[in-house]
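Both complexes below contain subunit A, partnered by subunit B and then by subunit C.
So, the complex of A and B:
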């Protein structure tokens, strides 16, 4: 086996030990959440050490699983400590009143032109900006539903590639459009994270 | 490729489901686990939640705890998701898929108990969640070390005698599954079972037990 891999493994194990020791010593619950997130990243490091294309493909699901666990625990922590949202607006700059409409329109339009994952990210940034500046009383359920259907469509497009390869163009367009919707929807949720009414 | 090593612990394969190079399979052993997981998922779908009764100490009074419909829906959804994740894990023919399904079981387990707003239960769920998160380090670490040393994650090749899997990878895998489901250490989850909603809490135990049985088979076969 590669000497570099062994060395990397040694360093990773050392970091794991340090992280676990820190978790062991820490008493504050919030800090423990942050430390476990740190430990999770070391799991990704262990995968990344393999350094092949396959490892690259494995990091993404590992990351997703880690983040979803982190979100679940954070939600439990919020309920447990009965923390509530701040009642005041935490940030107010003049440009946040004038710019959002035109800026987010431009970003979303350009995102739609790009389509696919990067387009979705760009359109999502536009939506984040708008929600952060203007506030929002949107219905989370609707965004979630749209994003869920888009995801199903995306998977469906992959089945087109596998079952009917001759319709690949249709598959590409479906996948590109669906992932655009999905990433946009998910990212726009980030802009609403500082509160507001939701249903 | 599609035949297990001759002295397979779980018995010869009965049925093979191919998804490209990821080949899931049923052996008598995993088919048994699968049947159990299906059974308890069906129970979670059809049964109504229990209603715990608290007796006021020193008197005749007692009160039943109500389960709100939203909480019922959420718990049932999480229980079904947990059952499906268990189904995936027991028939998986790929080590990394197995670890992913295992951590999904961990997440849904937190979800089942987190729906209930009781300080003790939430505290237990929080501590349990921390352990489940930490457990992803040995879990994914074990899978990654297997990939690095043998060059494959397919159980079809790993189960053969030609490939030797390092002991530390096996130990990591078992440690990871134990952390996600806490299978042999049910005492650690005692507080969690104070949450009402019997069939849903039940699936927490069933899923972790099935996962543990499966990982034992995997580790012994490798």
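So, the complex of A and C:
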């Protein structure tokens, strides 16, 4: 096992070298962005090779930072190349008008029955599918307000943990709800990338 | 565990070469080839029982493909 593991580390490092060599040789900006995604995958491989619970704890923030970085870089690229609008009308898929309500209801109900992490993931997919199929105009002021209150709630939950540790369940639920609110705000920002307006 | 680990490493190495030096140097080829090292990473995560990381990676890959396709769509195929 040990020899295999060492070989795995070696292959991972070799792949990192190959990927960065390719980035160095690349002239085109969009190709570079695609290769950045490759570099992110290889960084995650190095973290995954830690192979304990620590790896899971490190991969999750790594993924979140990676996706936000990719979104920021893509926005910068679009502004730099002045590609602000699609040149043709966007794809219209009929299923996205008729199906969302019943599909997401089924997914959320099944997720609640399953329970646990997989149930939560399923219910979350149902909710995301529903909101992705809705329109994509957004009032940014509301998102900012909700985000601010969520942040304050989160800090408040930590004070509960420190000052009144016997009410830990209340603290956990407050912190969880606040994080949910914040993540929801971020996801609705993803929705406005399809060209929504600030109402 | 070992078989998945070795298979994952092989797929990863092949995928990195396929993305770094694709035969047909177009954006779409590179984007599709990116799935190969991602699959290798998934196999490596599977071999170490990293379930949370695996599920989150699948979800985030969906979003990042969406972001990249959005750029390609506006840039036009070259």
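In this section, the second predicted complex is superposed on the first by the 136 of 199 C-alpha atoms of A that agree within 3 Å, B and C clash if a C-alpha of one lies under 4 Å from a C-alpha of the other, contacts with A are read in each partner's own complex, and residues count from 1 in each chain.
One rule holds in what follows: a contact is a pair of C-beta atoms (placed from the backbone, for glycine too) under 8 Å apart; a residue touches a chain by one contact, two chains touch by 3 or more.
Every value quoted in this text rests on a predicted model; they were computed, and no experiment measured them.
In the superposed model, C is the one of subunit B and subunit C that contacts more residues of subunit A.
In the superposed pair of complexes, A:172 makes contact with neither subunit B nor subunit C. Residue contacts after overlaying the shared chain place A:54 against subunit B, while subunit C stays out of touching range.
Applying the stated contact rule after C-alpha superposition, one finds that A:32 touches subunit B and leaves subunit C untouched.
In the superposition on chain A, A:46 contacts subunit B only, with no contact to subunit C. Looking at the shared chain after the overlay, A:79 reaches subunit B, while subunit C stays out of its contact range. Contacts of A:114 after superposition: neither subunit B nor subunit C is touched.
Residue contacts after overlaying the shared chain place A:68 against subunit B, while subunit C stays out of touching range.
Put simply, subunit A uses residues 1, 33, 37, 42, 44, 49, 55, 66, 70, 77 to touch subunit B in one complex and subunit C in the other. Looking at the complex, you find that subunit A touches subunit B at residues 1, 5, 9, 16, 20, 23, 29, 32-33, 36-37, 39-40, 42-44, 46-47, 49-50, 52, 54-55, 58, 61-62, 65-66, 68-70, 72-73, 75-77, 79-80. Interface residues of subunit A facing subunit C in the complex, by the touch rule stated above, are 1, 4, 7-8, 11-12, 14-15, 18-19, 21-22, 30-31, 33-35, 37-38, 41-42, 44-45, 48-49, 51, 55-56, 59-60, 63-64, 66-67, 70-71, 74, 77-78, 81, 83, 85-87, 117-118, 121, 190, 193. Partner subunit A is touched in their complex by these residues of subunit B: 96, 100, 103-104, 106-107, 110-111, 114, 117, 119, 122-123, 125-126, 129-130, 132-134, 136-137, 139-141, 143-145, 147-149, 153.
On the side of subunit C, the complex with subunit A involves touching residues 2, 5-6, 9, 12-13, 16-17, 19-21, 25, 27, 30-31, 34, 37-38, 40-41, 44-45, 48, 50-53, 55-57, 59-60, 63-64, 67-68, 70-76.
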